[in-house]
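The following pair of complexes shares a single chain, chain A, combined with chain B in the former and chain C in the latter.
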Partner chain A sequence: MSFALLRRGGVYVFLSIATFLSVFPFYWMAVGATNQSPDIVRGKLGFGGNLLVNFQHLMTQVDLPRVFGNSFFIAVVSTLLTLIVSSLAGYGFEMFRSRIRERIFQLLLLLLSIPFAALMVPLFVMISRAQLNNTFTAVILPGIASIFIVFYFRQATKAFPRELRDAARVDGLKEWQIFLFVYMPTMRSTYAAATIIVFMNAWNNYLWPLIVLQTPDNKTITLVISTLTAAYTPDYGVILLATVLATAPTLVIFFVLQRQFVQGMLGAVK
Partner chain B sequence: MTSLSLKGIRKSYGSLPVIKGVDLSVDSREFVVFVGPSGCGKSTLLRMIAGLESITAGELEIGGKRMNDVDPSKRGIAMVFQSYALYPHMSVRDNMGFALRFAGKPKDEIARQVNEAARILELGPLLDRLPAQLSGGQRQRVAIGRAIVRHPDVFLFDEPLSNLDAELRVHMRIELARLHRELQATIIYVTHDQVEAMTLADKIVVLREGEVSQVGTPLQLYDDPNNLFVAGFIGSPKMNFLSGEVVDAGAGTASIALVNHGGVRLTKPIGGPLPRKGEMVTLGIRPEHFGVAGAGTDLTLAVDVAEHLGSTTYVYANGGGERLIIQREERHMGDSDTIAVSIPSEAALLFDSAGKRLR
Partner chain C sequence: MAQTRLDRSEQVNGWAFVMPALVLLGIFMIYPIIWSLWMSFQVGRGANFSFGGLANIQRLANDALLIKALTNTCIFFFIQVPIMIVLALLFAVALNDPTLRFRGLFRTALFLPCVTSLIAYSSLFKSMFSADGIINQTLLTLHVIGTPIPWLSDPFWARVVIITAITWRWTGYNMIFYLAALQNVDKSIYEAARIDGVPAWARFTRITIPMLKPVILFTTILSTIGTLQLFDEVNNITQGGPGNATLTLSMYIYNLTFRMMPSFGYSATVSWVIVVIVAILSFIQFMIARDRRRAS
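Entry: the complex of A and B
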């Protein structure tokens, strides 16, 4: 038995453990959604026949279409606005020369290190003063100028050929037309990757919606799942079913844009 | 087609001047090539004509109209870029029609123009392909097609062949010459390849460090360079340079001693001001102008390498620390370690210590 073979075996064992750790929670979640709460607590690992009952219980406790609608609205609008604002900023930072450009950008990167918890209270005060409390606008607005996504687009824009912009200028396009008709289609893999990141963030967002959304009508899926766990005897079957349903859209988005996502990630570091 | 003129054109980035006052006129239908080493400002000058770089000082006129502050799309120019700059998400057809679409031309007019350009460039079967599905040469033709459909007054080419392999470059060079004849277009073409410049140009502008070193037809520059830089830059293989010292000057002639070749003398008639006795000069001679020994000032050189190209042979030889290239028509040079050549006085060019030609 050679060293190389041993090493290869070791790599396979490591990867198997990593795969198990990654996949098992999803499996357990899916299994749990089909079982009764006591079975789940006992650690049953096989699929059960309680899916429809769990679904009925979930529907009686939660206005599912409304909650999903809220989450979708917030995630989709957040994603669209974040992509527009942040990609414009990233394009601008990379394309336009200015003496203070790098200073401003460094300042932005510095701001990235401030944790959200430190910004939460002042942000809430601002939102309240603007009388946006308990509105979707309050959830969406603070996130649309995402420094991370601006940084991501700026890095990706470094790979955007300058001569394309020059060619478009000679062809008679204004700067906004270059952005819309040349830059955006050329950078679609970057947009795809950013879509996944932003959509997932917006969909999974918990803390900020918890603070600014008060009435049940406005609750998102993450807030609702947390209320399900708050019961005296939580029904884990119902909770896990809700979790499966909440995970589905992000998985769909990921698998639809997966190829573009990988290309976009590669492009960003090239 | 339209003429173009540059008067005292300057460009600075902050306090750094990159174009230091260029005066030039380009006649209608002329093929003008900007040539020079990397960093000499030739691409910057082209981009200033295109409107992609601002003009710090001076006047740019195209067709008699001042164009300094006019939008690139309204200057009547079309540009072909080194990297082709094709829009990757658009088909060849859409790439070629893109400018016309933004100019508000009707669809049937765009289709007609695109088809006409495709016919000229033999791009018909490729019209529905994406740039990624084309070879380098095909992409280059699409880039040229995109320029043609706009019917510009002036075509601007920025090193358009430098990304192609050697064989394709020769082919595209011939295509460009044909296109120029067919379109009767005014063309300004940037290259660092002096073979391209020599073969394509009606007029060559040699640039050096942001200034025009010399303007002339290819053969004028080859036969009659104004300075050492142009003499060395134009011609392949390069002109040979030998160090000399003026040992006598008077009565319209200067006698030069070749200091690295045992002080052998060459007497050169000079029409203009004569150099001073004792002044160091440079003597230039093209590889094909060396004569057989005994016909002028003779040199005996040690042969380093002989390159047999079939119709001609280049002998790389050393003498007194100077490496010289000699062109010979004989196919068999023998295995001799030395070669004896002569420098005919009428073929030798003389440059003063500042590199300026002494005529």
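Entry: the complex of A and C
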């Protein structure tokens, strides 16, 4: 009995340490945003009074509203287009079966594991030749058709009751009307979960925007943080404040939609 | 007659729904992959190519940096992924116990790192691991170390930082997959094992791990892709240094294309090295999956 108790205690200690290590960087980020850079580098653990100064410094170095506007614009447009294109395809692959499309789908699954690094050189040359360099179009366009999200929607569509479609057909609805007025409302929670993943990925995307966006006016918040961090003498107060601001939207989404969030991440294995 | 018309309408609709995605994937994924194969036989600076035959492939064989990047990627993979998977399994098993208190709190806390962007947490870790930063301060105060560890300027420790950072960011993510899978495991198996006096550790290695094998395989695939993609963290925490000790494949391609003397043809060749690696790994995974299907 006492051995079982001891093990129980061990589990709590183990989980508590892990929780501390997991959450501490968030505390560090919040504290850092209120401190001066030298204090942060020296490891000061308490809140300081430098928040407004850091904010002013950040504002003088970066056009913050513009940068956030860019990030939001790219993330929102990417999310909308990705959801439309990928859910259409997921629905199409699942509801209208044919041997050729099944083969194509298998080919897509194979391509799923090709890392972006293998595509970025030709993609960059393509974008340059199309004179789309330094545009949001160039950032958004290559990501719209996401194999992962197509796959996700196809998996979710397996649970879509076919009687609903048949009933709608009997009522004389066209296929696109069925998709729009029957499928989409029924699959709300799938759309919610997919929205979270796609928005997060677009908001946090780094490598491709780094390649495509050159002028400061077009930079996103992730690119700005990276530039600030790469400075010869980085001002950590400013950097950590910027990371707080960049992380805030995703944290809010996480806490408000925790269930859909986790569901979205699990989506592919169900 | 009516039947064939219905079939045709099914076909037309089927293609109509998948077409936007297929066109976009064709332009932005399949075409670039094929084009980069052609590009990999080109030599020249920037976007000015001329046909170079097998020159790039010869260059591959003597490319010390490529070997370095490959080695680093392997080191990250073989050390980081097992640590992460074992930790994630332990968390999942601990949190799967319904009598555990504060489960929701622990789960949320352990999952929280997944919410941060790769750049945001890279900056965080860079600030925490600076030479006189909080990590060194804490370790010195606790007398774990006598002198500060040169985290970012020593090749060995720089790798440790990268591995620590990635583990912090992704363990909770893997844990969620295992937790979901554990919920589908029949509780009576554990009950029977407990009654038979099977100790906890054996229950973990003999029941839990075999039951979770498919999910573990799946997360290993995700981690393989993730490791091959590794760029954001190294680019922001160590810039691939010191002495290229943390240079990864993705970063090497980026450097070849945009930083060093740009050589698009050769970058494309290195990209194809990744494609070949992925193809080999996919084949291995396919074989494992097939064996499993045959066995069951």
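Worth a mention:
Keep this in mind: the second predicted complex is superposed on the first by the 248 of 270 C-alpha atoms of A that agree within 3 Å, B and C clash if a C-alpha of one lies under 4 Å from a C-alpha of the other, contacts with A are read in each partner's own complex, and residues count from 1 in each chain.
Here, a residue touches a chain if its C-beta (ideal position, glycine included) is under 8 Å from a C-beta of that chain, and two chains touch if they have at least 3 such contacts.
Note that the structure is a prediction, hence the values are computed from the model and not measured.
Legend: residue contacts after superposition of the two complexes on their common chain; A:25 is shown touching chain C, with no touch to chain B. Among chain B and chain C, the chain that touches a larger number of residues in chain A is C.
By the touch criterion defined above, A:119 lies against chain C but remains apart from chain B after alignment on the C-alpha atoms of chain A.
By the document's definition of touching, neither partner reaches A:17: not chain B, not chain C. Contact with neither chain B nor chain C is seen for A:130 once the two complexes are overlaid on the shared chain.
Of the two partner chains, chain B is the only one touched by A:177; chain C is not. In the superposition on chain A, contact of A:169 is made with chain B only, not with chain C.
Once chain A of one complex is fitted onto chain A of the other, the partner contacts of A:203 are limited to chain C, with no touch recorded for chain B. In the superposition on chain A, contact is made by A:185 with chain B only, not with chain C. By the touch rule above, chain C contacts chain A in their complex via residues 10-11, 13-18, 20-25, 28-33, 35-36, 39, 47, 87, 90-91, 94-95, 97, 100, 105-106, 108-128, 130, 132-138, 168, 172-173, 176-177, 180-181, 200, 215, 218, 221, 224-225, 228-229, 231-232, 235-236, 239, 249-250, 253-254, 257-258, 264, 267-268, 271-272, 274-275, 278, 281-282. Every residue of chain B that touches chain A in the complex is listed here, in rising order: 47, 50-52, 71-74, 77-79, 81-83, 85, 87-89, 98-99, 102-103, 146. The touching residues of chain A, when paired with chain C in their complex, are 7, 11, 14-15, 18-19, 21-23, 25-26, 28-29, 32, 40-43, 45, 85-86, 88-89, 91-93, 95-98, 101, 104, 108, 110-111, 113-126, 128, 141-142, 144-145, 147, 150, 175, 179, 200, 203-204, 206-207, 211, 222, 225-226, 228-230, 234, 236, 239-240, 243, 246-247, 250-251, 254, 258, 262, 265-266, 269. Residues 161, 163-164, 166-173, 177, 182, 185-186, 188 of chain A are the ones that touch chain B when the two sit in their complex.
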